[in-house]
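Two complexes, one shared chain (chain A), two partners (chain B, chain C).
After this line comes the complex of A and B, so read on.
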């Protein structure tokens, strides 16, 4: 079957979302995965974006932003940041969120803020590379009952320790999150461009549970910056079905995910 | 209530100054924002700004590229699908601009605290992560204790973070339409403009349209920014360009990428400034610079139906000119 790695990643992410849930999506791949789920198997999800634009479905292709006119043409409600990220997300009310990561570590801590020449230096210095900051991902990480991390599987992204924790995962592992009384439960899964990682229920270290049909355990281990543990039940992910691909492509009308990478 | 209409040049001269705490009001990174006002600030050579920004936009990207910004407090510093904001990146990476990170909720919560005159606002986000432990404004503190100090909830005994209030000197907020008294309606998400309009010491509106006050009396529930908190109103059509103003025009995709590419280098910025910042003096010249054909294309937006209830109250350019003269 003909599909791209990014399409597999979006479909695997969409499969994590259950019908009826309240779900928040970010811009880009996250939004495509979310609206794919809505069209494919979760018609009753209560979806929102942090833009405070509710009940909308994108027209004319992937929105340029979560406020842009492509997502503002058929909304039923426009509100604001405190409503979307505060009342609905940081409050602990939202079931699931999807966030991206420039770097992610074995405990699911996410960096989208910057890269530093010497990240261990206790003095704060200007970043070597400035990224975007957390946006609303920090609220999703602190508030959603669970959250999904999406990241391209590369050694430079899957690191032992992130340069900066923009959005907290399980921090130093185990029950380290408990100390902060976050309403949210933490990351439930990392969907990569090669496979799927889930946390060990006790140590909270992410381990490999699935690899995509075009990948392998070896390829994934080679592209991970820490000594990745492999689940004894590791298995191949089911390929996208023709119906899933049709539904994804109906959302991704401009073919953002069809570019081979 | 007085007529608060003022020209763009006057507004920048009167309400902005070097070293001020400046906030701009926007609907996320690539939507509504007072971008034309930012261009005029660059034209008038404002510098050493301390900018409060929940979402960057091309306005902050331009101000940073111009070297006008010393400090930023921000929730998100990119341009979403248009990419990283190159002008901001350059200024932050070379150390010219010191950027303090918050999130897209904790920045508006700080404005809420400022507007309410609260001593602080409790938070469970931007807490328990490097947003709390790392501070660009207090670089020697690790983990930082001055930025988001940990406090104990007096009711449950649990811990959480404390956010400091923000009271910007001036907020310049884009609205879709305003009357001459500063009553305003925003189409699309208001995002953090509501609390910004209450937190700032002075509020200037940049409006795409001027409408009759009868419009506000017809839809008072939609007037989220009332004239009682507004100091001045600037009329500037297509003033969010190259970003989108919901209900009126779409993003100019080509110019979004072009502008960001130019702001990546000092030379590119100089050329951009020559054409798109210094290259006009009046609204007419500004619109000519965008081009009639381009404007017609951008105004062909799928959100146009959102404007249907308001069209009969829109003031013509001639009427606005008379109102300006009659101040």
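After this line comes the complex of A and C, so read on.
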């Protein structure tokens, strides 16, 4: 079957969303994955973006941002970030969020702030590479009952410890997160461009549970910056069905996910 | 009644060195681009910028060297337009202090 790696990634993410849930999507790939789920198997999700666009479906392809006309034009309600992040997410009502990551570590902590030559002093020195900041991802990571992380699987992104925690995962593992009384439960899954990682229920370390049909356990281990544990029940992810591809491409009409594989 | 309509250049003159500006819009959407261009021409210094998701207009001022502090949640252009080059360079060279909150 003809599909790209990014399409597999979006479909795998969409499969994580169940019908009827309240779901919040970040910019880009996560939005395509979310609206794909809405069209494919979850028509009754209560979807929103950080900008407060509620109950929309994109028109004309990948939205340019969280308040883009491509989604705001047919939204049920177009409110604001305070309603979306402040009330719906921070109160713990939101079931699931989808965020991206520049760097992610083995406990699902996400860095979108910057990269430092000496990460131990990151608060006091200028970064080597300044990234764009967490935006609403920190609220989603703290407030949603669970959240999904999407990231390209590369060694420089999948690191032992992130340079800076922009959006908290399980912090140092185990029950470290409980100390902070976040309303949300933490990351449930990391969907990468090669496979799927889920947290161990006790240590909260992310382990490999599925690999995509075009990848392998070896390839994934090679592209991970820590010694990735592999689940004994590791299996290959089901290929996208023709219906799934058709529904994804109905959202991604401009082919943003088909440009490169 | 007080008349607020004025030429762009005169409006830009209202902002002095060291002041804090709240610039509206979100990334590439609805940012006051023409105003940022007019203000950048005046070569102001030590401006402070506050915004939820500053984008193009704020980046023009960062690139012009007019900004020393930014208070923000997200600073970039979103999607394939990526990171804001002026802000990024300023931060990496230590000219701009980034106060990221969310």
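Going forward, the second predicted complex is superposed on the first by the 258 of 261 C-alpha atoms of A that agree within 3 Å, B and C clash if a C-alpha of one lies under 4 Å from a C-alpha of the other, contacts with A are read in each partner's own complex, and residues count from 1 in each chain.
Quick note on the criterion: contacts are C-beta pairs under 8 Å (C-beta built on N, C-alpha and C of every residue); 3 or more make two chains touch, one makes a residue touch a chain.
Values in this document were obtained by computation on a predicted structure and should not be read as measured data.
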{"item": "Overlay on chain A: chain C relative to chain B, clash or fit", "value": "clash"}
{"item": "Partner chain in contact with A:59 - chain B first, chain C second, else both or neither", "value": "first"}
{"item": "Touching partner for A:227 - first (chain B), second (chain C), both, neither", "value": "neither"}
{"item": "Touching partner for A:44 - first (chain B), second (chain C), both, neither", "value": "neither"}
{"item": "Chain A residues touched by each partner, larger count belonging to chain B or chain C", "value": "B"}
{"item": "First, second, both or neither for A:28, with chain B first and chain C second", "value": "both"}
{"item": "Touching partner for A:126 - first (chain B), second (chain C), both, neither", "value": "both"}
{"item": "Touching partner for A:113 - first (chain B), second (chain C), both, neither", "value": "both"}
{"item": "Overlapping segment of chain B (options 6-14, 204-212 or 294-302) - the one that collides with chain C in the superposed model", "value": "6-14"}
{"item": "Touching both chain B and chain C, residues of chain A", "value": "27-28, 51, 62, 64-68, 81, 113, 126-139, 166"}
{"item": "Parts of chain B lying in touch with chain A, wherever the complex brings them together", "value": "27-32, 54, 74-82, 84, 88-89, 92-95, 98-99, 101, 103-106, 108-109, 112, 123-131, 133-136, 138-140, 142, 158-160, 187-195, 244, 246, 250-251, 253, 256, 301-303, 306"}
{"item": "Chain C contact footprint on chain A (complex, rising order)", "value": "27-28, 51, 62, 64-68, 81, 113-114, 126-139, 166, 256"}
{"item": "Touching residues (chain side chain A, partner chain B) in the complex", "value": "27-28, 50-53, 59-60, 62-70, 72-73, 78-82, 85-86, 89-90, 109, 113, 122-139, 141-143, 164-168, 171, 177, 179-183"}
{"item": "Chain C residues touching chain A - in the complex, by the definition given at the top", "value": "26-29, 52-53, 72-76, 78-80, 83-84, 87-88, 91-94, 98, 100, 102"}
